[in-house]
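In structure tokens below, several structures.
There are two complexes below, and they share subunit A, which is joined by subunit B in the first and by subunit C in the second.
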Partner chain A sequence: MGIDLRRIYGSIRNLAIIVIVWEILGRLQLVASGALPPPSAVVLRLIKDWGDYPGHIGATIFGAGVGFIIGNAVAIAAGVLFALYPLTSRVARGLNIAIFALPAIAISPILVLTLSDPVPRIVLAAIGCYFVTMTATVVGLTQVDARSVDVVRAYGGGKWKALWLVQWRSALPVILSGLRVAAPNAVLGSILAEFGGGGRWGLGVYLLGSLGRAEPDRLWGIGLVATLIAAAAYAVFALIANSITGSSQSVTVPTSLLRSDEEGRVRPLWQRGALIASSIALPFALWWVLLLALRVPAMIAKTPAGLLDYLVLLPSAPIAQGKLVAALAQTLPMTFIGMAAGLALAFALALCSQLWPAVVRAFMPVALVTQTMPLVALTPLLVLMLGRGTAVILAITISVTFFPAFVTMAQGLLMVPRAALEVPKAYGASLFTQLRLVSIPSSLPYLFAATRLTAPRALLGVMIAEWLATGTGLGNLLNQSRGYLDYGMIWSVAFVSVVLSVLFYQVVVVVERRVLGRFGMASAQ
Partner chain B sequence: MSLNMQRRHFLSLMGAAATLPLTSRLAYAATPLTFQASWINDAEFAGYFAAMDKGYYTEQGLDLTYLSGGPDVIPESALIAGKADVTLTTPDTTIKAIVEQGAPFKIIGAQYQKNPIGIVSLASNPIKTPQDLVGKTLAVPPVNVISVEAMLKISGVDRASVNIVPYAYDPTPLIKGEIDASLDFTTNVPFSIKQAGPDATSFLLYDFGFTTFNDTVVVTTDVLASKRRELVAFLRASRQGWDDNLADPAALPPTFAETWFKGTGRSIENEVYFNTAQKPLIEASGGIFSMSEDSIAANIEALAAVGINATREMFDTTLLEEI
Partner chain C sequence: MSTASGIRVETVSRVFAARGTTVEALRDVSLDCPAGSFTALIGPSGCGKSTILRLALGLDRADTGTIEVGGLAPSDATKSGITGVAFQDAALLPWRSVEDNIALPLDVLGRPRAAHSAKIAELIALVGLKGFENALPSELSGGMRQRVAIARSLVTDPQVLFLDEPFGALDQILRKQMNIELQRIWMESQATTLLVTHGIDEAVFLADRVVVMQSRPGRISKIIDIDLPRPRRAELFADPAFHKLEAEVASALDGH
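Presenting the complex of A and B:
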């Protein structure tokens, strides 16, 4: 894979066009009555403020870095375990989905209460990494060419031998693409915890101090620095992945993927029941044990029993239920619309990345900004442009959902075996026809994986928008309960949002099994 | 893990051995007390910074740990979780927690005799009374919605006639005219608005019937019982710090520039403005932190308007008397 200078020039040119258009929009105060500062003002402000930055950057990198290492180490270890012993994956399934779906805005205050700075930052950064990398590890280890594993097996090699000689190699690019997504997540997790955590240092703390000063150029500067840190981490893993992907792909088309013993086996009903029950029980058990271990007083920390009291048994329960139901009626419809819109954009973008790679590469920095620019700083701008209604909820929801979905889908399109593409190519098919006949159908598992990633994030996006902009639904209920010290409601909202996210996830899984089963494909775990 | 535990155990034994000959001195050593602030480091806490820098807590035999606050830091929660001994709260949420959840809190002092929160608007589109809010969009941090509802009710303004939206402490939407007014500290945000260009105008909720304290000094009943001496010492040293700081509001903030205020992203001019504006809201004829019987009664009355049933027993004025 040689370096194509023309492509690099093309990307730089497109990026330059974006910056120039932004500068003109900012200078002429065309966006949101001038609330969007031109890039030159942001940079000048950044230079002026530079004396403030080193301490904050150091604290954020520390939190994000330690969280990134811990979160990914646990994720890769768990991924290997789940791939080798699929039974464990079924037991841990509920736990994995619950960790994935934990709404950061709900657990941040609880982490801040029970742990001391900087542990909340590390935990939130690690949680941001875990699911993405764990999923990537499992996908990478299982989507392997079965013939290579057969060779190892035929020569008497066991599971671990196959893992070491074959699966590990084919998994590496996928894991690296997971780390690529995990890196901005870690930075964002750390900043989010800093934002509420009450420490002295970190970009989140800095943002908070600057928020009340009506200086959008400073806020954008902080966002820019956060983005650069995330982009640097992203770039490192993208470079490593690029240099490895080329050498580890099969030359010919595999006729079948590796199927584990577990998938083929039909277990008796009681065993399946036990697996499902333990998968559901595990997150609850862990929730209970963690609270006991941390010795958080019962008034603040609700155990499953405490939550049952609050929502069902206490005399005040009907009031609490009423508040929750009213909030859900506002939040749920927006979640579905936001999810559909985020997926549609990601899919369109992933296709574009095949058709017009340079355009998408130029767009990537902008996309990254939306991932690392703290939404709190962007909200006034979005509110000025879009008002405080449906549009702003959709914009925020799309911005938190499309990026991971896009990366997953683009990865799926890249992983299409070259030999399969050669067939339509040989018959003179256009790039578009190649996509339609080969790339899209064969990357279906990734499309579903992206949908599963998106479902809980859509709920989170809607809640953030409700909290910061519209003052409706679950997001507002959560924030208001925090102010009223209504700990039962804080836990209820967190619990309900996790349960909903798990539910969305399960629905996608059922549809996925039906569809992929018909195509004879394995799902991308 | 077990090795680690052993080592820690060993070290603590070493530590105990080392202090053994000095036991007599321990009686005079500073006793630890942890203070949870309610927001990030700004002029709102200048009195405590002054007291720390001038060694007033040490003189009182206290080893004070200062914890900065932030939007997710619920000060009362830090008390319940045992992370702090004493904190600053908004009285409405504290009293609501006592009444509705049986939280074991006592209010032992009040930093602001008059709550600094108020309605801030632009001079070009001024909102000078609660009645002016009819038909307008008002941004309020979700935490403070009950305070605004109380003020509206007391002033006879229909809650439904005001469009209340969330406020995230960024005045940009106000400056750009997307909202007509916001609820914020009147001691602080008019400065930021002026810096951005327009002039601001404001009124205190306090002046329209919501007669509450703010930054009430709160402890749990347990801490009140076990650390009474330390709490009196804390109030005494903090009062000294506040007296020094308010003597000339422009004098001390610059001395915190490289320490307490370093890296907060706010300017010293902003802190001086804040410090000057808050002086009349903090000073009290009975000394800083006073809670006179009249003002306690005013608090109880204002909170009753929103259905929060405060009682005199929730305020403990005996520590102030010991200062």
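Presenting the complex of A and C:
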């Protein structure tokens, strides 16, 4: 299903158009005076450099692959646990959000400081996968049609029977779409860890080494290879998901979703307080325990207490605070603007995917490229094109927020039940009316889910731009502190950026609950 | 099996709390369905008739009162495999074929499917789906899906059968056919049957007793015995005695 010759032909044609336009732009040096080399030059350079590649590709794929397997295995196991025992998900909530929100770039220096070579990339790749897949697993398992579960329960089947006979199979498309997003994330995580230092091999190392030498064709070659790896990983899971979704779409409109015992249950105040407290305490406890277990010297590795000293108690604390506040004043406004722009673009395009599927198919490769490219190869180009100012921060931020937001919202629109779409159609509604009456309202939960997803990523994007391009804000502070071996500040920036991301996330959650509650909708994870 | 397979509902109450308000789905409801009997529950939406069924299947728990199915607590009864159920919605698993959907209860109960292949084939023939064994639910019409659900409810040879508006989605003609079929199946199997329905004619045609319920709070307002001889045939739908009973049920529904 879904694979017919015309579609393949269309994709090839679109790709050809992009390549030809690019070639012309590059040949004539139209973009940023030669920073965009023509594809032919990139490919020639790639062939010339090919001897260097296998080692770097191997190292990146190894990190990404091992991280992908470990991260997803943990994620699926955790997802099953959270879905079957909702109480555990409430306790682990703080940890989950922290893992989701932590900007990879902020902790990569820390990982490199505390762990030896292949481990940081595996960890960052695994972290890149964990939240996406865990959430997909929980959603898939809980958003199952309650009636099917009732049938199993009516024959005395318990939680595990229902999981085995109904839930996992019906969750499979959702989990696969999670893996689809996780795959490029793993590649990205591995490359970001390579940025942070350590190791001799890896595309990130190669890129960083080539960044200083004004050779855009090599940079693009590296970016292209990284993108191809990410795209291939994405495509594999997209294909598998495609072949399965058709046979698991519910034929009738599910009137009710499976409700957990936890939902709608009002716990006494002290229990809720205890849950929230343990959910906040868990990440800190884990942070502390991990550092103890790894036996990292206290000079390098700051425990929560060490951080408190550095930021509040020591005589030098006011200076550190001042630096942080100044950096935040530069970073925060950019984060909000970039996020809003990225979301708006993604929502508009997701709606277009309903109206003009062909346009979206044509756009998809480009969207994929912006997913991996900007962090690696696009930055120098963007710097040359847009200067080292606000514009480049926004461009990078939009490109990292857009893709996950788009996937979430397009997925949401895809999940609108067939029958619900057919009702307005039966009254002769145009596609636009159908969109307005059914698709947009029912995608509201997904719009919020996308906002939750992108809020922390926006901060990541801004910090990457600040680190690599503009030399401002938190990103720069982190990079500088690396140079000065100011471990306290490295940990402080990492801590503050994680806390900020968690905060953004929480704000979105609160607004979401209010709005969706008013419309009587459940939130999409 | 006969004495042990009745359904006993004793002073059962169930209150649902939602969005600050409470709904009394059932208040002090008692009902005794002797082994081998056919009981129809009829009443307006929200009178708690489906709640009784869900309680008896162990899908929900009563606030007060007790329920026994075949002398066992509901969750034990379902686990022992003596019950069968068909819901208003077919609730078929979209990735399972007709055959595999019918076999689902066997998988839940951990019974070997090979031993039941003849039974499954027989049921497929019974509900008129021969040739569709390997079709997926999305390839079937609504009526066909519902018939798969009926076949599924019978695959365990249940001693107690729960039917929650199983024919609600079918057209009138098919529904009458299925009613006659169901009576035949029931007479053969001797299963204690509890049918939740909106159809007065269906209730009178099938049941030994029609239990009329009222809402807010959900309660039993009247029990009407149906003394029509069995097997009841299609002609019965046009019989004056049948109409008289229908009228009696209708006026009970109106609160008289």
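We take it that the second predicted complex is superposed on the first by the 517 of 525 C-alpha atoms of A that agree within 3 Å, B and C clash if a C-alpha of one lies under 4 Å from a C-alpha of the other, contacts with A are read in each partner's own complex, and residues count from 1 in each chain.
By definition in this document, a residue touches a chain if its C-beta (ideal position, glycine included) is under 8 Å from a C-beta of that chain, and two chains touch if they have at least 3 such contacts.
Keep in mind the model is a prediction, meaning the values are calculated, not measured.
In the superposition on chain A, contact of A:K323 is made with neither subunit B nor subunit C.
In the superposition on chain A, A:R93 makes contact with neither subunit B nor subunit C. Of the two partner chains placed by superposition, only subunit B is touched by A:G483; subunit C is not. Of the two partner chains placed by the overlay, neither subunit B nor subunit C lies in contact with A:R121.
The larger set of touched subunit A residues comes from B, when the choice is between subunit B and subunit C.
In the superposition on chain A, A:V151 contacts subunit C only, with no contact to subunit B. Of the two partner chains, subunit B is the only one that A:S210 touches; subunit C does not reach it.
In the superposition on chain A, A:G471 contacts subunit B only, with no contact to subunit C. Overlaid on A, the two complexes show subunit B and subunit C touching no common residue of subunit A.
Residue ranges of subunit A in contact with subunit C, taken from their complex: 145, 147-148, 150-157, 161, 165-166, 169-170, 247-252, 255, 264.
Chain contact summary for the complex, subunit C toward subunit A: residues 18, 57-59, 75-81, 83, 85, 87, 89-95, 104-105, 107-109, 136-138, 145, 152, 156, 162. Contact residues of subunit A toward subunit B in the complex are 32-35, 49, 52, 55-56, 108-109, 112-114, 116, 195-201, 205-216, 218, 296-297, 299-300, 376, 379-381, 383-384, 388, 467-471, 476, 479-480, 482-485, 487.
By the touch criterion given at the top, residues 40-42, 67-74, 76-78, 80-83, 93, 96-97, 101, 103, 141-146, 164-166, 168-173, 175-178, 184, 188-189, 192-193, 195-196, 262-266, 270 of subunit B touch subunit A in their complex.
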